[in-house]
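Take this structure, written in structure tokens, and hold onto it; I'll ask about it next.
Chain naming follows the written order as A, B, C and D, and within any one chain the residues start at number 1.
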């Protein structure tokens, strides 16, 4: 179950971009430069085709019917589960389909942590977490009496193994950390965290929303207890994601939704649950989403995750260096070791206005707090501009971004 | 905000069927006869096209970005919300997008009922509820000390206004009932239930999974507090549904998922929620699903819900009468007033085997307990066969079903 | 977008439910109508019931193991023709075998039907169920008794006491 | 499936962000660089802050109402050029007006930008913000101060006491 097939040479990225129909358009008179993949990625034709095939040919419910269309749908749905699981180095039985990363993290918080945490227990986080990996833990803390502890970042925004060690105490029962930050682009030391946590049977929850699209991931090699990620950020459909859980941990968790396929037996007063992972998939699943995600994973695997990682990292590093060299531009996060994300500000021009002027040149970036308000506060800013890169971006896109920022300065006279 | 535009003549149903690409196939050598719409419906080309257009042209996240693609996606997503809300006679602000009916009902159970019910309070249900409208209330009862009360059905499976009245007590705080049963095809007297409930400020939750696809629905006219339904059963995509809630009730409810767009302000320790309905939509939404659902609703409205209701009701009534006339076949549910569903058994042949022989003739039906185990127990059966009808079915499909059942008898020598 | 008519099975490159007689072989219908070893056992050494969540069907298997061999097998419950026939056939296949051999029969059968290509097709009457492979929705029915037998034997292998 | 190149705005039949100068009119950039009536008020009779959840921007509006008229208006906070310019322009538009008139100004402006076709385009400097209509993502920015003013005046209309 290797997550990346042995590819020899990297693909020709300009040719890869041709697989994405959205890139065949002009926006405001310019070829679209899409630099908002950290919010959601574009979709290759192969994924669109897989979704269309399901809706057009066998748009059936799964699991519950004997007829031919339902058989085909069930097979495709479960094959997608196996494929997505293998992509992150897991077995199909340990992969729960969710709506996305947010639901996955909430499932761990409500289903596992509320049941297992006690007053005085500590939940270890970082100040850079996405709201989806912060607010659920605030709720757990309120409900159980556990306490949130934030491991400090270095001045340039890194989470070091030392900081983790220093923040870990004998009361730490759970650590929830992003694999890759959606603002700073940093990759966090998950292996070190796991080593420390498992010495005292603490549970490690990883927010993989920004790592699964970009890095070869093996939950088995990392040793994490839970790993949540979303299809829509990795070339897949909207409305689907997954939570990997170590089977023994999954079995300790309560379902979030009751009804439909998650049930074994019911009478008027009582019900028993199906086995994992189905126990956590109440209601009719997002069949088209799972099938499309399977196609996305096949698409990424064919290109090779190591090549994809190298490509978007190279673009982001190049962009970060060139933006930092511009007058009035500040880039956030460390100088080295950046994944596909570059957050920055243009002194004297609000991020919304920067993004607007870039959009007028056909360049799509994101402006805002990126669902990381505590991190914004730590950086003493309200918001920032974020350019994020993926497999369909090219060097020319970085040129366009740099030129675009010059135009921002010109337009606002700064 | 009418749910059904004034259509003059009913559409030509055979022509309507042409809009569904799945019907252009043969299964096991026969033209497909799809009689499993109560599990999930086929999709018209217009819905597939809307989904493809989103993925191919503007596959962007919503709400959070200034760029052109995001603007387009946000507009389309919110237009779909308004369109789906209008379809059931509601305002956009009172419509929460969910994964489906199951999530909607669980949201009311976990978010509203757990907070408001007290020991000794009564939850009124019927013995015919789908597991998704039963198991969440079992959980609420366990958590709050409330008690489940089941209004009895008549011998032929109807819920009468008298039975509701007789089961209502001064302790009844919430009633949760299907609008249309997914097994018996009965339509329940929601208006009478609401009149009774609102006299004592009890809350009425309606499972609309089987009514929204088939009947003109106005939540305003019905006066219900909550109404949950799924796109996939009404020509829409998988993975999306909605919960309508009276705004004052929605504001009394806790969110189920925390993170992403549902938040107003966050610091490390605290968070405040966005206004309804966004408060209940944590994480990146299923944008493609919402947009496709909007197209599905437009498709249904163009044909006219009154015509659709009359058409599938006529087919189901015809099928029920003709099946009941066959030797060894028992049809469940009342003789009159049936919506689009016919559940039955063939004496001496297990439902799985019936469905299998029908499938060999290209006829797709469902066999099983239809997620209604308590109802099966009340009928003293384990399971049944279910044929369900929709706008793309024709009289010829009923003929095929009747002939198919004759073949079942021949095949098993009964 | 697809235009014109197509054949589901051809388009998908798989044969799904193509031939009914491949599923319902004579011997299956015979076992189903005249089930062998049906009924409860007086003093089983091993016993376990399983149900198929889709349809609520239940099959319970009772075993008497003596000197490491399956001395007797009984089944009870209700189900479709496939699950009843399979439970009926399983008895013939395991009675007189050692526990290890019986487990191999059941496991091999489950593996074969769930698509493990390295597994030989089942022997004896069970061979008639080989066609279920092409009807994935019925695999759960065909393996219900086999899984019950394996879990019954396994359960006894665990240390006694609450678990 | 689409082939070849297309123009986003043409294909969608709408003009989205087509012309930057339509958004950033001279007078907007002027208000943004030289905001009028910025700063806190000593003793406001009405006061309310609102924030834009997307970016965390905040605009607070202070009012002094005397004899049913807006005697003074101040705003504070931080935001993009559109929200700052809009807050700055709103002061000129309401000072000296009756409360009802001021509410009409703010409400008319919000209605106009959110696409109510029956609303006349705004008067005075605020007219320069009419172009925001074609940039839906910025409507929240342009209406922040207006919504704060309306809520501040509304809040006072409620009965006193905790609510």
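Operating definition for what follows: a contact is a pair of C-beta atoms (placed from the backbone, for glycine too) under 8 Å apart; a residue touches a chain by one contact, two chains touch by 3 or more.
Source: prediction; values computed, not measured.
Asker: Name whichever of A-D and B-D has more C-beta pairs touching across its two chains.
Answerer: Higher C-beta contact count between the two pairs: A-D.
Asker: Relative to subunit A, which chain has the most distant C-alpha mean position?
Answerer: The chain lying farthest from subunit A is C.
Asker: Using mean C-alpha positions as chain centres, tell me how far subunit C is from subunit D in Å, no decimals.
Answerer: 71
Asker: How many angstrom lie between the centres of subunit B and subunit D, each centre taken as the mean Cα position?
Answerer: 42
Asker: Just how far, in Å, is the C-alpha centre of subunit B from the one of subunit A?
Answerer: The computed centroid separation for subunit A versus subunit B comes out at 31 Å.
Asker: Once you find the CA centre of subunit A and the CA centre of subunit D, what distance in Å lies between them?
Answerer: Computed from C-alpha means, the inter-chain centre distance equals 35 Å.
Asker: Enumerate the residues of subunit C that touch no fewer than two other chains.
Answerer: 1-2, 8-9, 11, 17, 54, 56, 135, 138 - these are the residues of subunit C that touch more than one other chain.
Asker: Give the residues of subunit B touching no fewer than two other chains, as numbers and ranges.
Answerer: As it turns out, subunit B has residues touching two or more other chains at 21, 25, 27-28, 32, 45, 48, 52, 56-58, 64-70, 263, 265, 352, 356, 359, 367-368, 373.
Asker: Touching residues of subunit D toward subunit A in the complex: what are they?
Answerer: 1-9, 11, 17-20, 23-24, 29, 54-57, 78-82, 135, 138, 141
Asker: In their shared complex, at which residues does subunit B touch subunit C?
Answerer: Against subunit C, the touching part of subunit B is residues 21, 24-29, 32, 45, 48, 349-353, 356-357, 359-360, 367-369, 373, 376, 382-383, 411-412.
Asker: Spell out the residues on subunit B that touch subunit D in their complex, using ranges where they run on.
Answerer: Within the complex, subunit B touches subunit D at residues 52, 56-58, 63-72, 74-75, 263-265, 274.
Asker: What residues of subunit A sit close enough to touch subunit B in their complex?
Answerer: 21-22, 25, 27-28, 32, 34, 36, 39-43, 45, 47-48, 51-52, 55-61, 64-70, 99-103, 105-106, 109, 127, 130-136, 138-139, 148, 150, 230, 232, 237-240, 256-260, 263, 265-271, 282-289, 352, 355-356, 358-359, 363-368, 371, 373-374, 377
Asker: Write out the stretch or stretches of subunit D touching subunit B in their complex.
Answerer: Within the complex, subunit D contacts subunit B at residues 1-2, 8-9, 11-12, 14, 16-17, 51, 53-54, 56, 135-138.
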